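Here come two complexes built around chain A, the first alongside chain B, the second alongside chain C.
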Partner chain A sequence: MEGNRIGVYICWCGTNIAKTVDVEKVAEEMKLLDGVVVSKSYHYMCSDPGQEMIVNDIKEHQLKRIVVAACSPRIHELTFRKALENAGLNPYMFQMANIREQVSWVHSDREFATQKAIQLVRGAIHRVRLHEPLEKRSVEVDPATLVVGGGISGITAALTIANAGKKVYLIEKSDKLGGHIANIDLLFPNLQQASHVIQSKIEKIREHPNIEVFLESEIEKIYGFIGNFETNLNHGIDKKLKFGNIVIATGMKPFVPDVVQSYGYGKLPNVITSLEFEKMLMEGSIKTKAGFEPKHIAIIHCVGSRNSKTNDYCSRSCCSTALKYIHQINSALPEANVFDIYADMRSFGKGCEELYTTASKNNVAFLMFDQENELPIIQASKSDKESNLVIEFKEILSGDMIMVPADLVVLMVGMEAQENAKLTSQIFGISVDKNRFYMEKHPKLDPVATTTEGVYVVGACQSPKGVIDCVSQARAASARVLASIAQKTVEIEVTTSTVTEEVCCGCQTCISVCPYKAISFLEDKSVSFVNEVLCKGCGTCTSACPTGAIHSKHFSYKQILSQIIGILSNN
Partner chain B sequence: MSYKINLNFKKELSKYGAGNWNECFHCGNCTAICPLTEDGFLFPRKGIRAIQMGMDQKIESNVDPWMCYYCGECSETCPRDANPGELMMTLRRYLTAAYDWTGLSKKFYASARWEFGAIIFLFLLIVALFAIFLPPSSKILSNPSAFINAEGGVMINQMVEGFSANQFLQIIHHGDWTMAIIVALLLVSNIFNMFYKVIIKDKTTKIPLTAYIVEFWHLIYNFAFQPKFSKCENKNYWSGHLFLMTGYTIMFIVIVALLPLFQIEEVKPWFHWQRLLGYYATFGILYFLTVTTIGRIRKKDIKFKFSHPSDWIFIVMLGLTSITGILVHIFRLTGLPMLTYIMYVFHLAVLVPMIVIEVPFSKWAHLAYRPFAAYFARLKKAAWQYQVNKGKVITV
Partner chain C sequence: MSYEPKIISFLCNWCSYTGADLAGSSRFKYAHNVRIIRILCSGRVEPTFVLESFRKGVDGVLICGCHPGDCHYHEGNYKCLRRYELLQKYIQQMGIDEKRLSLKWISASEGKQFAELINDFTETIQMLGPANYQEKLAYV
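Let's look at the complex of A and B:
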């Protein structure tokens, strides 16, 4: 059979496979099979010389189909498909047998392992005989972008993309844009008015011809894939949006400190959170609940952060915010004593160490506490003479128990993931970490992308961060989105399903099981129809179809059965 | 117990010396390099922390600053130039004021005007007392040879009008004693105050009564030899200080306790033991004066880099006392009765304020506080050991 000229390659994977599997014996055995023209073993098939060997053999021996027995196809299937393409073969005329994870790493008996490897490779050879060439396809990228969240991150991403001339749909859950930054007085490290930063951006968004804002809107479901997403927006009237990329900027939720018993938040009226203190600063009056100017103000860091009972992680921006408060208190109430009760001072980043240095020259005491084991205890003062509250704790650098007077205590609350982060992640098909922050694809190499193509995460929904980092991420994601739009097309899955209309009975079982909403029902013909652009090739419909009318490309019944036969047979 | 935080303390302390305590980030290099710090008495870092936090109660109950002899190694090692050595010096000034119940010490340290005022007042008081009650003899100018003895020296007890040699000697002698008793009363009461702050107020450490007796020799030993000082890397400071200290002690004993033996009409030969003692004392003081004056002007040695007004006042007063004392000696030996009288009055007019102000209220108070601090430290150690031993008995 000329069309069945097969090349078989057994990888040693150094000693990973060769130690347990007699790779040379496997190669020898395979030579006996029908259609096998070349059968070799080599130290590293994935290496450049290994791939070149395949390319050269294809040319020299006019090979039409290739089997590589090596590691998992998840690791190197694409590598070898590429090699076939380089040699002028259709990349799908290839099958991989996993003799590392499935054989050498899980067996110790060499003879048994070798026999198992032989069976697996034989199955692969049987299967590859029935492979059909599949053609790569691509679809156009919709140049519109969906930005979810109207805080500083979402606003920045929306403006950046819209300024490049591309359409942006900006979705915001609440009734106004601005997010948390709208409730902040000044921004560290330069003590700039937050409202100046955010208001001008909101104005630009309102007037921008390329941005369509949807307030009080949420997304319940997303269909499609990179380049071709769509959603039904529940926005008064149902509205269908189509877009090619998604930027998720859903932000964070401030930690609510009432769970930290020793701080008495909610019970002691003069113990407030940093957000409540920002409100005081915005109103321009720092006052106790009774309406007096506080003589002693204490700031407690790491509230809800870096403690195994609440959250393990650092919220990155609270230390610098606290330093900002010292400056603000000092200029508003120059006579007030400030006690900065910290666990570790993390004033990293441009201009922030300087913020610490200048803050430390004010009328302030920096007092260190043990964040894990001995949280400060805030109590109402027994004698009202000096202050209305007293904070008692062991100060680490002196080793002494100390008492700090306070009329007002500001708790520097950390950031937490949004309550519905898990649900949101499922809607967009992305993952969350153990703290329910959205996972990036790679922390260093791809920090704003996700494992789902075309979906990006920016700002505090990805991890706690300050305005500077949020804006940087938003700009970075915008660049990724614009690059995707500039490519105009995107390759799509070819191993999709098709319906044989003659066999389809119109039961619509496939429609109910498809997770991608890729199948529709053609009323006139009374048959199902697969939209190959939406189909991901998962095969659910194929296995569910009671009449066998649905066929998954590259996973046909014949192909799978012949692989099983190959594994079970002796030749 | 919990210490109260007093943010105004830093402001208060800045009157007592140069402070860059904010620079310290608590690496602990200063404590690591210090040859004098030990378990239970860890300094200078902990002292700096107490300053930063404004723990005035803790500072006042602590003897650590007295256990530092300011070799300056900590300041040289400090990566932040926080100058821990000078901070310890500042704390010693603060403690001197804190122990002083009269409040004068605080006034003198905080305000040079107060200190100068007090010095000038005492100076003028002594001059006035001489002018009114002990004026020079009317014949001292017309017949100077009447005041010269067989050796050609001025008969020092016969210079004043209306009193015999013995009467004059007794007046001065009683005056000396009066001064010494006033100074001693002030100093002793301040030491009691120190004892109260360091030992009585510390409820965590119960000193066993026997320890007071067993450890007492440390007080004497430390007063006489400053054994801790000798553990600093640069031994010259210790030996130089010992030279000054022994010299000054001799001088003090001579002029206060044994005046009738030394202020005599007869001029002994230069190799006589009485004169040799005087010369030893004079050279001890002069050596110290030279080293500190040059050091404080050059500011090269870290120990002398920072000078509080009280440091200079001490040097100037001691210098003036020495110079006038030496001039009295020279004028006497060269047979100049009027100049001898004038210089004698000046000598006392600088000596009295120097002792009355410096010893109970200022820099010189360390002569008592350092040995007592060493004694109290021994008492605390004994108490800790006692507690450990007791603990062992219970657990075993």
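Let's look at the complex of A and C:
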């Protein structure tokens, strides 16, 4: 049993796991299993002290195999494999049990959850006993990068990567670069011309020797894996592109407010969206539909945001944009009254609270409404002399029902995910959240990566955000991409298939099912042979082999069977 | 005490396992009976994995892979489907109720669908009651 000295570690994940699973009980039960030398629970196994605990135990107790029960292996399997390596063990002498995503986050009953966790960890222990050390494999990283989306996020990422001397393919579905920022006048908080920010970047992209732009193009299918992706671009002529990393920057769709009945958008001509107001600002003329300068302008916040009937989330940039409008209205029409009708003033971020302070010194009244229960009602005014619109709502700070006149009403529309976000996520093999925004690998530890290696998400396609955050994310993802290119090679899974020649009957079934043409037939020996550079390890050949001659490394018949047995057994 | 079926589910790493992770990170609650085994591709599911599971006392087996056309390995899910249809015929001959074995497609973005699938499958198995195939399959 010398080779079977197993260390078992149960993670609390703060309270994420410990709240629903009796982690100490799980650790205690595992001590009874064959070969288990150490079994502990700890607050955060992925933290530095958690990993050091594993490393120290391996040395102190001569552990040969490790099981960690924590989050999904898609998040931290590599973290712990590295810890094993640091302690001098082969990284494949490790198995993870997923007791967070598969147990504590999806079950509420503590007893059932603990029982399930025990069974999953037991399965992992049974499996790890049969693990074999595997040698690392690496492939070269193609130094080109695919950037999808030509808005501020995609443009920034493309330029950052190209300026480092690396090839970029920039794909944009519309007929021009710039995205939404091309339709914005000034940017908060410094009231800088948006066109100055974007136009110079677009110029640089046009002239850049390392950037190839494909307008009116969309990606339909991606093949390969980190370091070696490829796609066929239907761009007039068929073009095959090869690249090592992908940055997705497909942006957002502005909320269309006609579904909010009480605002009368689409029916009342002087009720417009913030995008339509931007257009007026860019043209330098704030006018009502009839062509008059408005005396009273109302701005309504949170349109399509923070309301259970539309979208629950905050769109993060509308409050500061509204404050920017107050400044712009005041400088263009100093006599006009502004009614800023808000739900909560969320002018967070560097320089944005100051924007609120200076805006409030203008000719503006800030009025608060109940965003969830009592939306303001906009109606055509009955009086001829007053403004053409009247807005009625309960001002919740005073508690009074009030009526506000308006010649022009600006609806601060929020951001939504693109209509085809789900389809796009499937093409790139990434996930979307319940609002169809792309999911990052980890909000704090890895905020621009995804669970698919080599695929990054930046900008408003990941969650609603303003230009400052978009640019930061684009720069962050570029750094990740450049780091991957600088390493020149990337380690890839070593879980390939091999043929036991003595058992192979030469039927060649494996050759017919292999999607990578990785298996050939050795005529002289009458057996199949797997080219492990081409093999991606799907294991389809292994399950098709009638004689059991093919072995899937790390996903062998015996290993998977032992996991089943471990889950179902009582010891 | 109500009957709590034992269910084993084989999930491919790229779509379905990620979909199950998404169900978790979205906190979609589902029946606790399922025990997930991660494989790289649904094409890796050997008929013996299923038969051995029943022989070891499982009441239901659920295989999940990528949607047709989305397989990370191009077409492993089609290979799985072909094998599954033969396996369905085989288990019926063995006296195993065909409803106890199911193959479904779950993508990386279908956390909600995964939670609903687990609930539906668990309910199906609960209605069928305990399988007790250990003896039937003892000599296979």
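The rule is short, and it goes like this: the second predicted complex is superposed on the first by the 364 of 571 C-alpha atoms of A that agree within 3 Å, B and C clash if a C-alpha of one lies under 4 Å from a C-alpha of the other, contacts with A are read in each partner's own complex, and residues count from 1 in each chain.
By our rule, a residue touches a chain if its C-beta (ideal position, glycine included) is under 8 Å from a C-beta of that chain, and two chains touch if they have at least 3 such contacts.
What you see is a predicted model, and the numbers here were worked out from it, not measured in a lab.
In the superposed pair of complexes, A:F555 makes contact with chain C only, with no contact to chain B. Shared-chain residue A:V106: touches chain C; no touch with chain B.
By the touch criterion defined above, A:L120 reaches chain C but does not reach chain B.
Judged by the touch definition given at the top, the superposed model places A:P405 against chain B, while chain C stays out of reach.
Of the two partner chains placed by the overlay, neither chain B nor chain C lies in contact with A:A162. Contacts of A:K536 after superposition: chain C is touched, whereas chain B is not reached.
In the superposed model, more residues of chain A are touched by C than by the other of chain B and chain C. No residue of chain A lies at the contact with chain B in one complex and also at the contact with chain C in the other. Chain C meets chain A in the complex at residues 6, 8, 13-15, 17-30, 32, 35-41, 43-49, 52-53, 56-58, 67, 70, 72-76, 79, 83, 107-109, 111-112, 115. Interface of chain A with chain B (complex): residues 337, 339, 360-361, 363-367, 392, 395, 397-405.
Residues 1-5, 7, 22, 26, 46, 49-50, 52-55, 58 of chain B are the ones that touch chain A when the two sit in their complex. Those residues of chain A that touch chain C in the complex are listed here as 72-74, 98, 100-103, 105-109, 112-113, 116, 119-120, 123, 422, 425-426, 429-434, 439, 451-452, 495, 513, 515-516, 536-540, 542-544, 552, 555, 557, 560-561, 563-565, 567-568.
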